[in-house]
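Presented sequentially are two complexes of chain A, the first with chain B as partner and the second with chain C.
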Partner chain A sequence: MTCIVNVKGLTKSYKNQPVLKELNLQIEQGDVVGLLGKNGAGKSTLLKSLLNISDIDSGEISIFGEQYNQLSSKSKARIGYVPQENDEISWLSVKDLINFRKQFYAVWSDEKVTELIGRWEIDLTKKIAELSPGQVQRVLIILALAPMPELLIFDEPAASLDPAGRRDFLKEILALVSDENITVIFSTHITSDLERIANKVAVLDKGQICYFNDLDITKENVVQLTVHCQEEQHIAIPHLLRGKTFSKGQHGIVSQLDQAWLAQMQEQAIEVTVTPMGLEDIFLELTA
Partner chain B sequence: MQQFVISPSSGIPIYKQLYSQIERMVLSGYFSVDQRLPSVRQVANDLDVNPMTVSKAYGLLEERGYLTRLRGKGMVVTARDNEVLQQEKLTMLDEMIKELLAQAKHMGISGNKVAQLINDNIANEQDETVGKE
Partner chain C sequence: MANILLHGWWVKVFVALLWVIAIAIRFTMHDDSREDLLFTIIAFSNFLLYLMVAMRLPLLTHSKMAILLPNFSQKLKQVLLVIFGVSLLPTLLVLPDAVTWLAFISISILSTLIFVAMIYQPIYQIFIWLLILMPLPMELLDISLNKEKLFTTLAWLLPLIIWFSYALLNKLVNYRGNQKHVSKIIATMNVSMGKTLAVQENIPFSDRTKLAQWWANSHFSYYRKLISAASNTSQQLSNRKLIEISCQSANSFGVNAYVVWSVGISLLCVLGLVIDESYHHFFTPMVTLIPAMIIGTGSITLFQIIQCKKSYLARLTILPRFKQHNSFARAFLAYVFYNQAMLYCFIALLLAVTARVFGHINLTIYINLILILLVYCFVTISIMLFAWRAVQDYGNPVVWLMLIGFICTIVFATNMASSGMPLLIFDGVFQTLLVTSLLLITFSSYQYLQYFTKR
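== the complex of A and B ==
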């Protein structure tokens, strides 16, 4: 597997307020990574750092095997980025903005632009400042997709889109990732979007990636246990996320279900119910 | 046409949801032998899920002998001995019964009582069939 993004020991603070602390992250080609984190966890800071938009204090970042702040223009053209806030020139019309951006790229798909402009019903003659937040976000997505990038970085791409718009955006991303060479990183608060399109999930908490794993494995591993023992007794449970022991009828969440332990419980005639959990609940537990 | 139903926010991974749905559809005869399943891309597009997820479900169904990959044709339902098929059906029912018994146990209902309930239901069903004749 080719490593597309490699972050080692990334540290960044704002006015002595640490945001990212010795953060590590490796993303391989073809991965669709959903980045979760509470408000203010530093998701945007992390994504901006990868793109050298935001300065870092220390650490190493490589993109396509090149040092992040010395990327060749060829590599830069292979990255598509949709920021959380619109930083495009707002007095230009959609049409002029598209033509302006096009000049910077060797590869640019007019076909893709025309298709998406039509499908998303965007008025080319309107100025960016005149568009609704949802329409601006769509324009930003079109600008990011037009150069046919191989690495896509989205910072809450669906935040201003209505449900139909979000679904259509997901479809577009899914069509792109049918090509297994395309790598996507996107931050989001909408866990159901992540569950549909991501194959990996990364959780940013307290300045570090506190959890990074395959999404399916995550759902299979992180489960809620209920112990039904007859009398009051404290039972030690391996991989428990919070606390150490369990007493009668209590719930607890484990980061991994220990099969040997489960067999041991069965031998002792202690019943354990295993309940799977959705990603939203898993995220809340991991960052509690 | 949307043939499969998934709930992305469930704790069961989407590929597993698809796997068990297709397994049931094959065992119940909804998909007949040699019938072609919709392509990975088609299913991914209908359900708005990652194609890798659909591939994973199809791959697992192929591994377990439900589907066969034909070159240029995609996935088709495997022709299998009735005996094997019967066994698969029984295995599936066995799992459902285990689940039922576990639920009953939580409610403090014995296995014998569950067996009695099942027998009562069978008796009722036979009565109804007789009544119709």
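== the complex of A and C ==
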């Protein structure tokens, strides 16, 4: 697999307050990565840093094998980005904004633009300032998808969308990612969205990617364990994130389910119940 | 891109009109008598165009997407060069005088550099003041520079200027610095004329410059003291004061502004008293410009701030203390009249002091100026009251009207001062104008009171 985004030792601080600390991340072609993190964890900062929108203090970032701050026009044309906050020129009409952006790209799908404009009922003659936040978000998504990019970066893409708009947007992304060449990175708070489209999950906490794995493996591995003993005894649970003892047993949440340890428990006739967890609970446990 | 940089019909039409006038002058000009007028029109139209483009540039250079758009810098550079090239077309009218033409190109490039520098780095606004005061040091240093000499120098300097400006252009299309200041410009350029000042209220306090933070803090401190003084003495603030406090913003023309302008003018007057009287005429542009700037900012700021606080003021009207018939409208009118009276009294005082020191206007012109300003004041207050009580948002046309009226007033005042017009109060046309403006302000105040009675 080709590495599309490679981040090594990324450090960034705002007013002497560290936001990202020696952060490492590798994203491969075809990955659909959901970036989870609490408010203020640095998700937007990370995405902006990847694209050189925000300056970094130190570290190395490469996109499509090129240094992030010296991307060629060819590479830039392969990137689609939807920012969290809209900074488009507010007095431009939707049509003018689309035409303005179109002139920069050699490849531009008018069909996709027409289809999405129609489906999302966006008035082309309206000025950006006259649109609701949800409609602006939709326009930004259209602008990001129109040049048929190979790397899509969304910063909280569904934050301003209503449920129908969110569903439609996710459907669009699902259709896109069926093409194996497309890589998507998106930050979100809505874990259900992530579960629907992502194949990998990255959790950003305390300035670092504290967890990065396949979504399915995550769901299999991060589980709640209940250990039932015959008498009061303390059992060491591997990869324990958080544990609680009760009479003749223990509850615990592990970041990785150790099969060898499970077999060992069975041999010792200690009953261990494994309960799968939802992604929201997993996220809360990982960042607790 | 060109559409964004040249957005808006008013300025484009005005520039085109000036070009047409320049062409008409050129083809009806049989001697050198109107040469200066032709040069002035060409230069003025181009300066307007460059200023418009310079103000819109940050919308492109500092947009988040700029860094991600393929070939953005090259495309922007191309567009800027095309616009500049088109702007040089009217300068062809000065041909066959090749030296003047080359000098015009140099002036155009230099003015573009200054405008762009001023927009991105406010410190460069000093260039304008330096240009205004330039004749003084030249006179003191006994440097005589006539038009021919200046034009020849500029023509010869053209290759150097082109080389330098091209290097700066390459930097500009990739420039992303001074984000805090540029974000203010972008915020201003992203709204219509009616909200240019009000939109700056949304800039987070921490993102403002230290000077702006101090300015806002000391401005609000005055009102904080008023509130605490009133609560300590258990003496209620008057309705007018309460409305005045509610109408304050970081951009208000308040006590701070009066103090700073007074100190500035005092220093200028001290300088005027110290130096020889023969140099006083060099200060005329500055002492004329300052009152104009104060009136412009003082009245337009008041309008925009109140326009943006309409819904907040509407909530104030339901307070129990305003339950008496028309008490809110009366207090509000009192505040507006008091505010504008203070502003115009300050201007009258400032004009009197500067006239006494620099002797650029005599008593007749002074009285005439005050009368003209009085009419302007009555008309603007009437327009403002009309817009404040209107359901529709008339912010944009009102600011344009005030600006146009203001420019017309300045032009008329300047013309009146140079032509040595007699006392205007005895002029029938002016008397009609004064009475009309008085009737207008009375009518709009009455309408404003009626508006609250009907509610």
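In this text, the second predicted complex is superposed on the first by the 282 of 288 C-alpha atoms of A that agree within 3 Å, B and C clash if a C-alpha of one lies under 4 Å from a C-alpha of the other, contacts with A are read in each partner's own complex, and residues count from 1 in each chain.
Just so we're on the same page, a residue touches a chain if its C-beta (ideal position, glycine included) is under 8 Å from a C-beta of that chain, and two chains touch if they have at least 3 such contacts.
Model, not experiment: these values are computed from the prediction.
Engineer: After aligning the two structures on chain A, examine chain B and chain C and state clash or fit.
Structural biologist: Superposition check on chain A shows chain B and chain C fit without a clash.
Engineer: Return first, second, both or neither, reflecting whether A:76 touches chain B, chain C, both chains, or no partner chain.
Structural biologist: After superposing on A, A:76 lies in contact with chain C but is clear of chain B.
Engineer: Regarding the shared-chain residue A:278, is it in contact with chain B (first), chain C (second), both, or neither?
Structural biologist: Touch partner of A:278: chain B, not chain C.
Engineer: May I ask you to decide whether A:235 touches chain B, chain C, both, or neither, giving the answer as first, second, both or neither?
Structural biologist: Neither partner.
Engineer: When the shared chain A is used to line up the two structures, what angle, as a multiple of 10 degrees, is there at the CA centre of chain A toward chain B and chain C?
Structural biologist: Roughly 150 degrees separate the directions to chain B and chain C.
Engineer: Does chain B (first) or chain C (second) touch A:192, or do both, or does neither?
Structural biologist: first
Engineer: What's the minimum Cα gap, in whole angstrom, linking chain B and chain C in the superposed view?
Structural biologist: 28
Engineer: Considering the complex alone, what residue numbers of chain C touch chain A?
Structural biologist: Checking each residue of chain C against chain A gives 1, 3-4, 7, 59, 63-65, 67-72, 75, 186, 190-192.
Engineer: Which of the residues in chain B come into contact with chain A in the complex?
Structural biologist: Touching chain A from chain B are residues 8-16, 41, 44-45, 47-53, 56, 102, 105-106.
Engineer: Provide the residue numbers of chain A that touch chain B in the complex, in ascending order.
Structural biologist: 32, 167, 170-171, 174-175, 177-178, 191-192, 195-199, 215-216, 219-220, 223, 228, 271, 273, 275-281
Engineer: Under the touch definition given earlier, write down the residues of chain A that touch chain C in their complex.
Structural biologist: Touch residues, chain A against chain C: 48, 51-53, 73-74, 76-77, 79, 81, 83, 87-92, 96, 100-101, 103-106, 129.
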